[in-house]
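The following pair of complexes shares a single chain, chain A, combined with chain B in the former and chain C in the latter.
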Partner chain A sequence: MNLHTVLLTGSLIFLLGIYTTLTRKNLISILMGMELILNGAAVQFAGFALFNNDGNGRVMAVFIITIAALEAAVILALIYSLYRKTGNLSSDSMSDLKK
Partner chain B sequence: MTDILFIIFSALTVLSAAYSAFSGNLVRSAFVLLLTLALTAGIYVLLGSDFLAVIQLLIYVGGILVLILFAIMLTSEISQKNETTNPSRKDFMAPLLIIPTLIFVIFMIFTGPNETSFPDQRPVTESIGELLLTDHILSFELVSFLLLIGLVGSVYIVRHSRARNHQNQDGAE
Partner chain C sequence: MDYFNLSTEHLAALIIFSPAAGFLMNGWISFFNIRFAKRDLFVFLTASLFVFISFVISSYFLFQIFSFGSEGKIPAHLGSWFSVNKIPFQFDILIDPLSGIMAAIISLVSLIVHLYSKDYMKNEEGFARYFAVLNLFTAMMLILILSDNIMFLFLGWEGVGLCSYLLIGFYFKKQDASRASLKAFMINRTGDFAFLAAVFFLIHLYSQTGSLLFFDFNSVNFSLTELRHVHFSGLPVIEITAFLLFAAAAAKSAQIPFYTWLPDAMAGPTPVSALIHAATMVTAGIYLILRMSHFFLAAPFTMDVIALTGAFTSILAGIFALFQFDIKKVLAFSTISQLGFIFLALGSGAFQEGFFHLITHAFFKASLFLCAGAILIYLHHNGDMRKMGGLFHKDRLTGTVFFIAALSISGIFPFAGFFSKDLILIRLYENLNSGPLSVFLFSAGLLIAFITPLYIFRQFFMIFFGKEKGNFQHSQNMYFIKSMLILLTLLSFLSGFLNISGFFTDFLKHTVSSMANQGAAGHTLIAAAAGSLSISAVFISWLLHIKHPAFKEAVIARSGAIYRFLTGCFYVDEFYQKTVILFIKKASDYSALFDRSIIDSAVRLVSEITCRISRLSHSFEKHVVLKTVRLIVQTSKTFGMISRNLQTGYLHNYLHYILGGVLILGSMMIWLDLWRKF
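Entry: the complex of A and B
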């Protein structure tokens, strides 16, 4: 185990999350992609914290997990109101929420 | 021993994340995401961050993923295909962005400094708590305030849309 393996793992998870977020139409899929992105970043922070023997990276990972939970709550509220209004979850119909 | 375990864990994590990203079935994708997040908790354990592993399991696996599955069940999107964006327009755009970024990231990682020796692993909860309340006290307060705003905001979004729907129905009648 060295820093390169940890960073590679984190970046691969991060890029797969970006791919999901860019290619999906369904809002729930986009939410799952964002969770992957945040997870990849948190893994890299934890890796740097271990190999630099510095606790600050772990604190950042705690912040990331908090913000991921917050983001999931807000997006699920949007999903709920979008589904009530239009009956589907396509990101194309997000602009209908303004009406 | 730790090396082999770490390689197994990270390979499984990346593979399950890839399955979740490329799968055509929304429910299957969500359940594989469960595996990804649980395996990430294993990675945290191997990285010596026991506290992070526990909150990963509590918040991600126990909270967020259950909410996602609940949303899938609630909106009855199970039977629908996991649609991608319009293929004629955007299907090549995402790989066009991802592949150069991947090459750049791999280049940056392997030309950067490598650390192989790491200190003995001790419990980290105490140091996280101390840093949160000394060096990062402002960020800590800001994040807790943001959490409050997010909670109020999501309740507002849901109630607002519900009230509006009622109004529209009354107008239609």
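Entry: the complex of A and C
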């Protein structure tokens, strides 16, 4: 295992996250895609930290995981309140941005 | 400025504002035709009250001035008007002996006429209008009298002209009244033109001397004779200015060649004739010359012109008065004649004496006019004296008043006219040794002293004696008329004693200039000569009209053409009609032709060009501007249609945009990085 493998894995996870975010209509799925994006970035940080023997990358990976957890908590709360308002989880019903 | 304080200022302002307030109130009532019980009585009482306030305040100031002596002055600043080229024109009034006496007399005569009009204008349509304009006139006249600078005076000057116009045309439904009012107004406008020109010259002089615009020449620190060196196109400016001022004064005071408006002005109500066209407004011209007497003294040529004009006017109008049959026209010509006499006095440098005669004349002429008004009421406003006669026994009061006023105007001792006329004759006599002009002026003065009793007693005898004629009808409730007649008689009797031992002329000596007294002897001689002339004239008049009327008729019958010429007033009016008015008419015809042919065609050309241009601009508008606008609209619409598709509001669309944006930014950064490296 070398750095390239790690970076390719991270990028793959990142692209899959973007793909998921763009293609799915379900809000939960979009959230999951966003988590994948964050984690793809975290994998890259971790990979750099491992191979360059730099503590900052690890700190950054942990920081991203923390942010992701917080984000998930906030967004799940938002999704719940939206669900209570509209009765479904499709992002098509969330067209209030036009207003 | 020692006497200057706030309360005097307010009081002085009240002299003018009180009748002005009366005008506003009665004018409001008249204009909007507000009706209420006892409206006429209300209007009469308020109008008279406002004038009475003026009278009381101006007499108060006169007494105050009197206590200060002949140099007494009360200035008051009412407000600022405008300033041109650093020359301030302000609403300033100045009460000095001259304006103080004048204001008191104006308000007194105005008050008397107001009270008289109560009976005279009874049940007349436009009662409120009449009193409103009478109040306005009083206010304007007082502005004219009291103003401290020439522009403010001009305001009053125009104002009294306007009121004269309104009151002559009071019976505006009558053709001759409205024509007469227009005539008076137009002729006065000619004078106003001269006045304005004089004002411009005064402003011109102001820039060189610093303080000529105002009448207070005593405070001016330069000599007026130095001003004679200021020239305008070869003529001394001071002469031009004085001449223009005199022309304005001649138009206002009905002198040759402007006098023709005054006889026609008799179409107005008789109290108006008494107030405006005998006692006050027509004296405005004389007042102007008196105000500027120092100035006029520095213009000897104009002084000679004034004296000559006065002499000719006086003699001519006296002769006209001898051959008139309308009761008021005789008095009108008599007014012109007496004003001419005053001008003669002014031109000979007898300013104070002229002013004294002005005052006595105001009283006795007003009383003559008011008598005429009373007679006109009895005779149903038919003023032809040939249809009168023997009225003395019907109305002894009016007869006596007329008789006393006639004695006064004739200058018979001890009535007012004697003192004032005598003073002027004495001054003319004293000037005798200064050339042929002075001889002519003195003989003109004597001639006037002879003619005056002739025409006034002709009128007296024609109205009050002889066969009883006329459709006489006693009117009831003429208490106001009668009491005013008695009051005026007293005034025209007593005012002569004002100048006992030079009291009056002394009081004026610092305000009105006076030529050096040449100290000739023989004053009693002059008095006796003038007195005997007057009495002989009365006697001749009596002979002609009472004793031997047949002789008079025979003379008239013999001299047909001359007589017609005389009764037609030398056909001066017709002459003006044929020359000046015809000229003006022709000139206006030509200017109308010019207007139609050249100006109108120019206007048409301009309008044609404008039309063309607008047609062009219309097509430009249609083909270019409109299309451009449409294009712009269409473009923005298209862009809008395209860009509105971006704004779907769907969440994932925005995510696409974000990704696109990130990709573009990222690629740009990479590209920039690469570009910097290579």
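Going forward, the second predicted complex is superposed on the first by the 94 of 99 C-alpha atoms of A that agree within 3 Å, B and C clash if a C-alpha of one lies under 4 Å from a C-alpha of the other, contacts with A are read in each partner's own complex, and residues count from 1 in each chain.
The rule is short, and it goes like this: contacts are C-beta pairs under 8 Å (C-beta built on N, C-alpha and C of every residue); 3 or more make two chains touch, one makes a residue touch a chain.
On a predicted model such as this, the values are computed, not experimentally measured, just so you know.
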Broader residue contact with chain A after superposition on the shared chain, chain B or chain C: B
Partner chain in contact with A:18 - chain B first, chain C second, else both or neither: both
Which of chain B and chain C A:81 touches, first, second, both or neither: first
Which of chain B and chain C A:94 touches, first, second, both or neither: second
Touched partner set for A:55, first chain B, second chain C, both or neither: first
Overlap of chain C and chain B interfaces on chain A (superposed complexes): 18, 22, 25, 97
Interfacial residue positions of chain A with respect to chain C in the complex: 18, 21-22, 25, 30, 91-92, 94-99
Residue numbers on chain C that touch chain A, as the complex places them: 647-652, 654-656, 659
Chain B residues touching chain A - in the complex, by the definition given at the top: 2-3, 6-7, 10, 13-14, 17-18, 20-21, 26, 29-30, 33, 36-37, 40, 43-44, 46-49, 51-52, 55-56, 59-60, 63-64, 67-68, 71-72, 74-75, 77, 80, 82-85, 90-91, 93-95, 97-98, 101-102, 105-106, 109-110, 112-116, 118-119, 121, 124, 127-128, 130-132, 135-136, 139, 143, 146-147, 150-151, 153-155, 157-158, 160-162, 165
Residues on chain A engaged by chain B in the complex (per definition of touch): 1-9, 11-13, 15-20, 22-26, 28-29, 31-33, 35-36, 39, 42-43, 46-47, 49-53, 55-56, 58-59, 61-63, 65-74, 76-81, 83-85, 89-90, 97
